[in-house]
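First chain written, first letter: the chains are A, B, C, D, E, F, G and H, and each begins at residue 1.
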Amino acid sequence: MKETAISRVIIGEYSRRLSDYIESDVVIVGAGPAGLTAGYYLAKEGVKVTIVEKKLSIGGGIWGGAAGYNIVVFEDTEIIDEIGIACEKKGDLYIADAIEFATGLGYKARRAGAMIFNLLQVEDIIVKEERVQGVVVNNTSALMVGLHVDPFCISSKYLVDATGHPAEIVGFLKSKKPKQFPRALQEYFMNVEEAEAGVVEKTGEIFDGMFVAGMAVCDVFNLPRMGPIFGGMLKSGKKAAEMINERLKNSIS
Amino acid sequence: MKETAISRVIIGEYSRRLSDYIESDVVIVGAGPAGLTAGYYLAKEGVKVTIVEKKLSIGGGIWGGAAGYNIVVFEDTEIIDEIGIACEKKGDLYIADAIEFATGLGYKARRAGAMIFNLLQVEDIIVKEERVQGVVVNNTSALMVGLHVDPFCISSKYLVDATGHPAEIVGFLKSKKPKQFPRALQEYFMNVEEAEAGVVEKTGEIFDGMFVAGMAVCDVFNLPRMGPIFGGMLKSGKKAAEMINERLKNSIS
Amino acid sequence: MKETAISRVIIGEYSRRLSDYIESDVVIVGAGPAGLTAGYYLAKEGVKVTIVEKKLSIGGGIWGGAAGYNIVVFEDTEIIDEIGIACEKKGDLYIADAIEFATGLGYKARRAGAMIFNLLQVEDIIVKEERVQGVVVNNTSALMVGLHVDPFCISSKYLVDATGHPAEIVGFLKSKKPKQFPRALQEYFMNVEEAEAGVVEKTGEIFDGMFVAGMAVCDVFNLPRMGPIFGGMLKSGKKAAEMINERLKNSIS
Amino acid sequence: MKETAISRVIIGEYSRRLSDYIESDVVIVGAGPAGLTAGYYLAKEGVKVTIVEKKLSIGGGIWGGAAGYNIVVFEDTEIIDEIGIACEKKGDLYIADAIEFATGLGYKARRAGAMIFNLLQVEDIIVKEERVQGVVVNNTSALMVGLHVDPFCISSKYLVDATGHPAEIVGFLKSKKPKQFPRALQEYFMNVEEAEAGVVEKTGEIFDGMFVAGMAVCDVFNLPRMGPIFGGMLKSGKKAAEMINERLKNSIS
Amino acid sequence: MKETAISRVIIGEYSRRLSDYIESDVVIVGAGPAGLTAGYYLAKEGVKVTIVEKKLSIGGGIWGGAAGYNIVVFEDTEIIDEIGIACEKKGDLYIADAIEFATGLGYKARRAGAMIFNLLQVEDIIVKEERVQGVVVNNTSALMVGLHVDPFCISSKYLVDATGHPAEIVGFLKSKKPKQFPRALQEYFMNVEEAEAGVVEKTGEIFDGMFVAGMAVCDVFNLPRMGPIFGGMLKSGKKAAEMINERLKNSIS
Amino acid sequence: MKETAISRVIIGEYSRRLSDYIESDVVIVGAGPAGLTAGYYLAKEGVKVTIVEKKLSIGGGIWGGAAGYNIVVFEDTEIIDEIGIACEKKGDLYIADAIEFATGLGYKARRAGAMIFNLLQVEDIIVKEERVQGVVVNNTSALMVGLHVDPFCISSKYLVDATGHPAEIVGFLKSKKPKQFPRALQEYFMNVEEAEAGVVEKTGEIFDGMFVAGMAVCDVFNLPRMGPIFGGMLKSGKKAAEMINERLKNSIS
Amino acid sequence: MKETAISRVIIGEYSRRLSDYIESDVVIVGAGPAGLTAGYYLAKEGVKVTIVEKKLSIGGGIWGGAAGYNIVVFEDTEIIDEIGIACEKKGDLYIADAIEFATGLGYKARRAGAMIFNLLQVEDIIVKEERVQGVVVNNTSALMVGLHVDPFCISSKYLVDATGHPAEIVGFLKSKKPKQFPRALQEYFMNVEEAEAGVVEKTGEIFDGMFVAGMAVCDVFNLPRMGPIFGGMLKSGKKAAEMINERLKNSIS
Amino acid sequence: MKETAISRVIIGEYSRRLSDYIESDVVIVGAGPAGLTAGYYLAKEGVKVTIVEKKLSIGGGIWGGAAGYNIVVFEDTEIIDEIGIACEKKGDLYIADAIEFATGLGYKARRAGAMIFNLLQVEDIIVKEERVQGVVVNNTSALMVGLHVDPFCISSKYLVDATGHPAEIVGFLKSKKPKQFPRALQEYFMNVEEAEAGVVEKTGEIFDGMFVAGMAVCDVFNLPRMGPIFGGMLKSGKKAAEMINERLKNSIS
């Protein structure tokens, strides 16, 4: 029957993909601007990347622009030119369409080879020998309705917390290693200039095997927040990708 | 890594089972007393049976006995003796432990070979050439949180509506073929004697390829309800199994 | 201050776009597979198109594949080749990644020039002289929290109901013109073959100025539903686009 | 079409106002008795004032009088005479109609020139060089339904926290500068005499660029609460206006 | 103690007012644009008027303008000039500030002498000898939390249903006299011109002792809706006031 | 251990009572004014009476007086004098304290011997040979949280629907015998005089074995409602008791 | 009209009572077993007592016995004999009917002269010169639906916290005077003997003008809890009454 | 009547069982894998065991396997062979069906003689002379709907906290004896090997009269979590049973 043939092919392929990507070089949590950019640049270099997104759709905070006015702003166009997003200069700023940006970035990351699993929520991490080695995930909707079900695991050589505010994955480290992470996970008052620069500068590995990128960086280092300007997010994602790529290359050779 | 090995073996086996049982001889909707009994008797005869249950646990209305007093009642012990449920005579009645009954019945149905998928909710049926040919199912929790996701399909030679009150699967037929199913799906006032006899008598095929068993029978035929006495439920499930088994045998030969 | 400069440029551009697209040649309600495809083919021909989407993200029922297994199926690749979605042949079927499909389709529709406003919910239509002339929209979240606020309007030469199940826009016609729309808005039992063919065949203008495309067609004509196979959706969207394009050309000349 | 003409004129004017008032001399958060009074006295002096209110209607806690008995009390009539609210002497007290008071005060503040944006919720503040320079706002209903959307900004020379209990804006300072704001934001036990005097006395600038007025003063200084007597609220709002006005004048000259 | 003196004076005055206005010449249900305007014009003529509003604040659908853009539109300025609302000409239309309009109208109605009780929800009407003679009211919040408490009554010579969509008070008549009110209470598709004229024309007495004004008229007569343009609302309220005033005068003489 | 001794004595006594009163002469559903009065007069005559109340506390709509003003009104004092409720004459009316009335009536009914089971919700009735013979009850809180548990039964020679609005028990008859109960279960517009007389007059047996008393009478016969005046409720309850008492006596002799 | 006459007499009497009892000798918060007993013994001695209860019905935790088995237990019968509650000896214990106990105790307290206001929730206390002088109350349902309305006040010479677990009124003292009330408000593990004795022994004045009675005593002094045995509750209430009565007498003389 | 005969026999038997098992040798809280296994091994040795489960069904986290893929994993088969669960070797692991495992384990525990009460939630414990002596339980659904009802008690010689994460029963000890239980009740990062070994090793008596088994052990000792592998759970349950059994034997002799 065609109906069951369709069902079977979908179940089979999903299972195949999940079984394959259950061991990845890099696992990125959060398919927002920083996570997708990191995924794009890693996949482009041939790295095996799994992006885990808890929602049904990807794009994170891009879609609504500012307060639902679906326009986004950049200070330069280097990365969005590469992604292929049209933008227009307005004074010192560049504006783009939020929906084009969200879909275009997701499309390019996926085309570059990053595998994306949506509807999977990270509920813990795997730490062995003081190194982060993967994530513990569960079905988002099962968690939302409070079903009592066990999770499963995805292993990583490098894990990226790109969950934005409030740095959910770092939160797991903090809750179980409070002495190593004494600072509150909290952004500071809004200040665009400082935030755009700081978020890129502080992007990096904060625990053996674990990177932070995007707004999660602001939470971890108490940097200012920056609102609907996305340049820092993209550069942070790109920087994380480049740093991880270098580690991976070094570890092979 | 052992964590991912465990995950992979679970995902692989579930996918294998789902792909296998996506085409079954009999699909039973509802893993309550009638559905499990039907599944037990069919599987015992070697029929390929899939039981689809929307909740996380099986057992339906058995667990709570009457108003949470977890005792159940039977008028005779033929089927529960076969299942292996201890019971005690009290006057004309036999009582058993609700938890022993729920677990024992589920255990025996599963041991006999009936495949049970929990957390799958039927949202429609497949009807072709005026014959019911399967069910359209979805993830229960995804539906509960209102996610917009498409379903998949499980095909059947015979489908059994064992969803209890209010006969959910017959409801799909009724909503789309109101002229063929003019009666309200509704039980009549409680009357144990009439209900216990009637539910067995009326168990049968109500549409080409589709049987009704258990409380759903009362809804379809407006029979009385019967409360926490379960003999009729079991006999109805057994009768449905026997009728379907005969059809399957005849259709083969 | 840079923070207010960013805010001002976003508010100004959004207001400019909304004021411009408040009068469009075609208004499409619903940014799912049919609506985005219709928008793509219309915009490609230079038609002024506004797509109105009530959710924050676009893509409709694409993201979750079947029950959250994020794979989608097609019977041929004509349209997805044009959109640029990778697919793989599995027996008679083609499978693609749901996330690539959702983002790629949205990206291409937007790049072709279709304007998309998310977070706008249609709450009524404009009908004058027995012709549909536009939609009455409101802020989705304001409606969700029950705020008592008036809507605003977007005019159209042609309106497309691409809201999927349950054909929300046709519903407005039905509720106020019950004699002209006596049939329940309801899909029939699942049947992939019939549905895939029927949904394209019946795509068209069902009231002066108003087209139906995608799953809404099944509701209006009580056609079967088809599950996670998307060829019919795309063809229906394309057909609606071509029919409207022709009307627009004829009405000009 | 008249429907779109109406829509366009509304969208255009709102956008114009928002773009204009996105940079104001004074931003007041909360359109209750203290905030509206401050706005009235500032606007009367020609100061550019933006009042940001998270609810759909303004008036704060005025409407319900005491426990829904819609009468309010004053100890003298100086300010309400200026606003134009009828009152009646009862012993040592004056009573007025809560609805007349709420509408009259809002009407006069608006007529005096204070711009009021309702449905905007402050979610953070802008602090640069240890001076409060504005607010970070978002759409109230979008926040209520949990949409993931970025905010926008409104800059101020002086910001007034008139959010009543529990001093929401001071709360942002406290959460990020806990050492400078060690005290709990909490009113003390009810005591009308002390509260009416204290709330006026303590009204003032508590951080560079940031004033507190009305009940928020009680929270910040742990003063007693006072119930449905509104004289202190009005005097506090007026005092804040006078202090800010003087600062503005001095800063110009 | 001053705290109890304040409480006592509030409780006493509220009780006095409620006991006084429990018998009124006119009871208006709904303190939105039509209800407040009717209240203003009746009170101005010395009629004893009680306005019953279920919410805490008055103003109905005025506050949010269109979709939260807080601007309202009029086609002429006769009534708003009398109320004292500033407006600006934009093409053929006049725009005003929604907050100024809501507060100004409420303030003027109250100053003219209309008594307004907020937080009272009408749950039924009094009909004797086939004439509407008053309303049955209850505490709004008690009803919202489902408390089982009896209502009380307010009598009227004339009752005005100004509840807007969906004509709640007419609904009571319809539910108990379905033969006299066979039509669905439902607005027709949006059409500003027809609605603005029709709502005034059809304003009147629809049952002995009962008038309809404002959007409720559209529901009762299935007229088009009109969106954020408020001229028709005000004229409908004024017309109802004039018709009732005439009846009252005639009944006295 | 004293803790378990206390638990055991409670469980034992409750079980003994429930087992005893599971077969009663009269079952009254609803422990409001009519049900408690009926219970009082029946028990006083030595009839075995079970009152079933779904809430935790008894008293129904008495506690809140009118809109929470906890005073109740009577037109004469015959029954409340017997119950022992203090009242005061105000014009033609008598007022009493709602809390004294609720507790006093419950206390006297219980002292007279009526057994009251709270937290039991009736979910159906037993009808055999066209005579109502008892009720089907379940645990209220289990139903509220949606637990799937079977009910149990309490038999009656006579059943009284004293559930007030909307006559829940008659509703079961109506839903399954729509032809015999064609009228909507709905009160008519408020009219105290007609309601107070009518509710007593129409109190009686409406189906073999089933009486209606109190507000449920108004629903069944579409009589007017009467608000916070309780004389009719008490007389209706007393009349039902007297009628049933007579039937019981006749059936014995 | 009789309908309004009834309404007016209720509103007038309630207002009169509330205005009278707004200044009381003793205010008791919580109409459960301890509060009602305290009220009974105080009122019997002619003390002016106001009991404030947040729920619609009184009785607190009495109604449900243990886990809904509506039987209560006592170790002796002194107080319940005085109240007039039938009880039966079972071993060393006495059992009574929970519903008879709840209604009988409320009835007797009210008959003795204690004024009870239900649906009033205490949201703060009045403290002047380091003495508790009254309570700040609001409408329960308005608070439940989150309405922004001010409270009113009731003054007391002595205030009794009889709110049971978790000692709500002491909580106000603790939150604003944390140094004077350092202990968590928390009962200790269940231990009937120790709890029954301790709760009576520790009943007393814990702050100038403020007594604690009943389960609140256990929270304040971290005594064990005791479950469905009510002797300690009653004795605690009686002891509080006696202590306060003595203070009042001394303060007069 | 048969309906009441059924009800009576159920109520009587439940009451008899509850009264009997209200004093048990061992009370186990939580009917998940560890609790059921402990119950099985204790009952098999003739110990009087009561298992208290708050949900309607038993089985805890077994039913859903990993993220709803209903397969479970073991590292060896010793205990499941004894229980009678079919398993299949996959590499170093054994897989079994989650539903067979949940039902089979429950069935065997019950058959061995362990009494199971579902729908009972533990809300506190009994501690006397520094020894845990039992639990304080209440009706789960009554607690869920917030009913104010007292609990009852079940005494134990030994109590087992098998509540899984987050060790609910130990939580009662911790909240009232914070100095003795200073550690957070929290699992450590996932690590299957360490967790499987550690959970068995640390199973034991953590307070006089109180054991911990299963996942609760990980919380108490901050051991790693282990996901859908159940060997450690079963061995922990068995070990607790053996240790308690030995204590019981020693205490007798």
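What we mean here is this: a contact is a pair of C-beta atoms (placed from the backbone, for glycine too) under 8 Å apart; a residue touches a chain by one contact, two chains touch by 3 or more.
This is a predicted model, so every value here is computed, not measured.
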item: Listed chain pair F-G, B-H or B-F that repeats interface B-C [over half of contact pairs the same by residue number]; value: B-F
item: Contact-richer chain pair (by C-beta pairs counted) among B-H and G-H; value: B-H
item: Chain C-chain F separation of Cα centroids, rounded to whole Å; value: 56
item: Chain C-chain G separation of Cα centroids, rounded to whole Å; value: 62
item: Rounded Å distance between chain D and chain G, as computed from the means of their C-alpha atoms; value: 39
item: Sites on chain F at which at least two other chains make contact; value: 3, 6-7, 10-11, 14, 56, 63-66, 68-69, 119, 126, 136, 139, 141-142, 147-149, 152-153, 190-191, 227-228
item: Complex contact set, residues of chain A against chain C; value: 2-3, 5-7, 9-11, 13-14, 56-59, 63-66, 68-73, 86, 90-93, 95, 97, 99-100, 102-104, 106-107, 110-111, 116-119, 139, 141, 190-193, 227-229
item: Touching residues (chain side chain H, partner chain G) in the complex; value: 124-128, 136-139, 142, 147-153, 172, 175-176
item: Residues of chain A defined as touching chain D within the complex; value: 60-61, 63-69, 186, 188-191, 225, 227-228
item: Touching residues on chain G, where the partner in the complex is chain E; value: 1, 3-4, 6-8, 10-12, 14-15, 18-19, 22-23, 56, 119, 126, 133-134, 136, 139, 141-142, 144-145, 147-149, 152-155
